[in-house]
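In the two complexes below, subunit A is the common chain; its partner is subunit B in one and subunit C in the other.
For the complex of A and B:
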């Protein structure tokens, strides 16, 4: 299959180009954080430590060596899967990220799914009412939605469904008293694998509000892009030709219009998904959700350099992976990009 | 599938009127349309753009633009009322009994679906025989339209195919259901001449196979007369003349038909002057207020009575009607005498290109070896003072690549360019500045070549902004006024934006911009294609007039051989990057030496409607699409 060959080529190419990108990002992260007026040696000792003790710690940690050597050591450790120990939590950074990353991925993926459903449904509806009076009304609402940020939605949904009606939980990932199965770290997946249905339902209930808040905030731009791409596609000759061949409007929309209009929408989704990794931060705080966002906030507050470095690298890798996935999807959906 | 009714026409229109009702004012779009189309016959619809040709197709499909509606008369398909019928019944007819072939084959197919997917969708829609596989049926239909390698074609996407192949696929789709009526709206306008000939022959072949009635919409009267049984000439939404194709072409009764015919340069016989239809067709909005004949404002035979009442469509012969009260005067319309031929004996060579070559190499990739392709291959040519040299050839023959080398948009990979004695091959910055003063380019599509946000006055004097010659805005506006006068636009056009001009006017502005700094050489890439014949004649005339005034020479690229024959002193025929034949235009066109030149010439529909049009359909040694 030519398509798979092309995708394989793309993967090889993208993985190869990802290496220098990661090197540059890691160097930047390392240098910037080392230049910060924070002394890791002093921080890892009790406040009453003497200058000699601090100096001893500095040489033990390698902080007295030149910067490039420090980077070399750090990079070497990194390649062996060791990002260092958190100064504040006194735990391996890999373990900390390993605990929080799945939570954030789950949140981001489900939020993106919500955004996709709302975005495509809303975009189709906006397109469907084109040229009618309803269009102006829908236009108003879509702009209103567009101007509401996700933390307002978070607070609004939390107050209405969590506090006022008390129908949904709004703190953490699981209510107290529920068993937390651990296989992969992905809570929903793990409860499903272990057959723990009550935990699964409880975890899903916890996901509803934060995912809705994020999804609703992301969907209006998707709606508007889809609508305008559909309007563009409907200017094209092949739509008119499909009508002249007697195809039904529904078929023309789904098979001819949407298939072309989905491409720009997909690019936007890729961008949004990348942002979502950093963008869950406020929502995680509001819902006390134990994800990367909360970890980052703690790390920054405590100037916990190893965590910041680890989280920064994780973010970089996530963005690279997402862009490779989106590009592969693009290849599948847009035959023009496939090399002959 | 087809069940030709033994009696009656397949399509008949009676007093059909289409009006625009939406918006503030109501105005007519089509008026008094009367025609009948018998099974198996071809009706040609001819006229300038805006005459309402395509509107007839849209009325048949009832996909009219927003606010347009049939307000009077009837339109019947095989006795069924097309206008009043329910949407479901009409949808049922479309694609099955009434098929369409579009103008732009490449955009007529969905870019993200493979040919097979689209063919399958259509075949399932029109219904297959019980037990018939769509794939076998698709291959059968491809075979009928002479598409080789049908099975491989199913996996291809439209962008991987040529325009001619896409058009064949669309024709295969259209004829798959053995339709009773086919509407072909300028099906060959976007294609090369040789491919045009093949596609036209193919439509004729398929139409004869199925006994399909065809409405053939075109702006080319010569082409219409070759393939139609009957022709209807439309002017501003109303038929001007209708009659048997050959008779109408050889003996036109309406002055408009005659003028259209004379506005198109001839391809054989002695060259003649072009009849320049002045101005343009009245807009549909002003028609409401217009008394008298619609054509009166441009008619050479106009008299007082013409402007009083609209002339009725009167019988002037068997099956021949025309809306003119002075049809007997029509043969008196003659083209102006040809401007005396220029003797290009001038030894003053402006431009000299030797062994010009432009090769493109594919980008380095670890997965494939690099390959090279020569868009222009060792082309020698000169351009003397005041000389117009035409380049003809099909798309992909390297015409535009050569033009880019001449202008300096690209640097040749091999060869030498001498401009007024100076070697500018390397195309360094100093060479470029020298070149810009010397050579200017007129681009093909005025729509995209003119910045929509700039006023005409500043567009035409754009070149002066960079040179610092005319520094002040006021000086430039004075120059703009001069230029606009030269190209025949009113002075107030300087303050307008491109969107406020017609297509022909925009192309004039495009020419004026190139002429601003009085270059010695113009390079014009297909500047009259896509324009109406009347506008084309105006522009060709303008170019000749401007040459007399300024004495520039021109490299004129065109796929239209008759235009090149009219305009150019010398011609070069390009095929796959090489010049296969060149010489004085008259000599090359009357005694072509190369097979390829012969096949190009044979592809042009002949001037004489009675001589047989025998294009070379699949020439040996030359790639068919």
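For the complex of A and C:
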């Protein structure tokens, strides 16, 4: 019970600090994009519009008012769930983001799982070979891996498994001809709910390469942190104690070493997963995956300010949510922080 | 002859320096090394394979792209953008990040709180997204790429260095300097900076690798230098259109980026091991 209270307290505190952060971020976004030398009013009208029409549009959009007033109007609209209309797609930004966000979340969540599995397995392996000749080799190998960011992995995997061996699909979320069930917007979940197994399998096949690319790119830093946390944990007396008690090495590793070493790894994961969420942007473009990243880049190419603002803010919220979730997990796993 | 300093003896540092040296030569002497003009289009010879493959042309050792431009020449000229961005952006990010870190760590109090909050706000943006948004605001061009990377990545320096400064500030020799009546400026530059320097140099080397990646990402989405300047990310974007006809065009810039980033990373790792005594001590035990 006490744990729930502590976690609830943390959640309230974190959400309260997140509000000013979001306010500043939204103000920054608003200002950066207002320096742009494009006129949103002229852009949302047909090219043959007269100067008077553009002026009328400007005042209708509030562009003739001072900047802080414009920001106030925008913020007020934002709080009512209205981020504006896309200039290019002529649709509500909320709807556009609502259509693409689930795809990105699915991608990020599965990629995180891949990264966690690779990171923990790799970290344990790096720790296992400590002091042997393999260590130098593996260490070198992990720097090699660190030098390949997710977008190079995406291209590399696409080339090998998509183009040379042609074993996996690499564009979009579903092959043509597959039915796309819509319930929640999360494709994997929806095909599971509707029992559409062939769509589910096809969607999963489409996700293998992008998720592997993101997961593999993220795992080397996790491996290295886990390894050094394990090394630190093994300096402590309780490991020695456990050995004296005659516990098996495996039990010492899992019950004592890993249990303590997982905490620093977890707090790094919070930061890394935030980065991963941004990294989906490149991976989405490379695999023509219809998520927020593609929406964002389309918007940038068309100087579509409402979408850039809306999507930018959504990415920020996602990062904050991820970090709050990771912090709560940290609290659940770390008894030192609970008792106070 | 004086013996080599310890850090130069490290194999990792040497590997890194050799790689960066090779790239530096490519960048500086690009006009002499490149077999062709990187922007010259040969519409009669588009997408030719590398010279060793069937149908390859010795004129174009690594083949040509979709506009018949020489891949090798573009690769060599691309090193210019990559290295310029790597060096200038990392120096800029270091100056801003290190200055704020020293101020925050040394003085503490409200200024530390303020800088801490700014870093927190910055970290709530995924770096790729923030740099893209900045590029939208700033407009394309080499200078703006550098500015965008500096504005995104100074937090990397600030966060890590600040905690280092806090550790050093509590040392006796810093208190001694303050008692003797050193000004704050003198205490920071003479007493604290020498202590944070190894970490600072290591971070800079790693940041150069990050800058190469970010520039490649930005030019991949067409938000970096203009199309008249060859850049590795652009080459990837171009090659992706013809992935079946000319897969090698995609492999070449990928390898170039990897080579550069690996050089900076292995240099950084070597420096971390040899310069940062605190880390090596824990590793030795």
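Note that the second predicted complex is superposed on the first by the 339 of 340 C-alpha atoms of A that agree within 3 Å, B and C clash if a C-alpha of one lies under 4 Å from a C-alpha of the other, contacts with A are read in each partner's own complex, and residues count from 1 in each chain.
The criterion applied here is as follows: contacts are C-beta pairs under 8 Å (C-beta built on N, C-alpha and C of every residue); 3 or more make two chains touch, one makes a residue touch a chain.
Here the structure is a predicted model, which is why all the values come from computation and not from measurement.
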**OP:** Check whether A:236 is in contact with subunit B, with subunit C, with both or with neither, and answer first, second, both or neither.
**Re:** first
**OP:** With the two complexes superposed on chain A, say which partner A:167 touches: subunit B (first), subunit C (second), both, or neither.
**Re:** neither
Original post:
Of the two partner chains, subunit B (first) and subunit C (second), which one does A:248 touch, if any: first, second, both, or neither?
Top reply: first
Original post:
Who does A:182 touch here: subunit B (first), subunit C (second), both, or neither?
Top reply: neither
**OP:** Tell me which partner A:197 touches in the superposition: subunit B (first), subunit C (second), both or neither.
**Re:** neither
Original post:
Who touches more of subunit A, subunit B or subunit C?
Top reply: C
**OP:** May I ask you to decide whether A:279 touches subunit B, subunit C, both, or neither, giving the answer as first, second, both or neither?
**Re:** second
**OP:** Figure out whether A:73 sits in contact with subunit B (first) or subunit C (second), or with both, or with neither.
**Re:** neither
**OP:** Would you sort A:316 into first (subunit B), second (subunit C), both or neither based on which partner it touches?
**Re:** second
Subject >> Residues of subunit A touching subunit B in the complex >> reply: 9, 131, 236-238, 240-248, 255-256, 259-260, 263, 333-336, 340
Subject >> Partner subunit C, residues of subunit A touching it in the complex >> reply: 21-22, 24-25, 28-29, 32-33, 35-37, 143-144, 146-149, 151-152, 155-156, 158-159, 163-164, 231-232, 235, 271, 274-275, 277-279, 281-282, 285-286, 296-297, 300-301, 303, 308, 312, 315-316, 319-320, 323
**OP:** Sort out for me which residues of subunit B touch subunit A in the complex.
**Re:** 61, 63, 66, 91-96, 99-100, 102-104, 107-114, 121-122, 125, 157, 159-160, 170, 173, 367
Subject >> In the complex, subunit C residues that touch subunit A >> reply: 120-121, 123-129, 132-137, 139, 209, 213, 216-217, 220-223, 236, 240, 243-244, 247, 250-251, 254, 257-258, 261-262, 265-266, 269, 282-283, 285
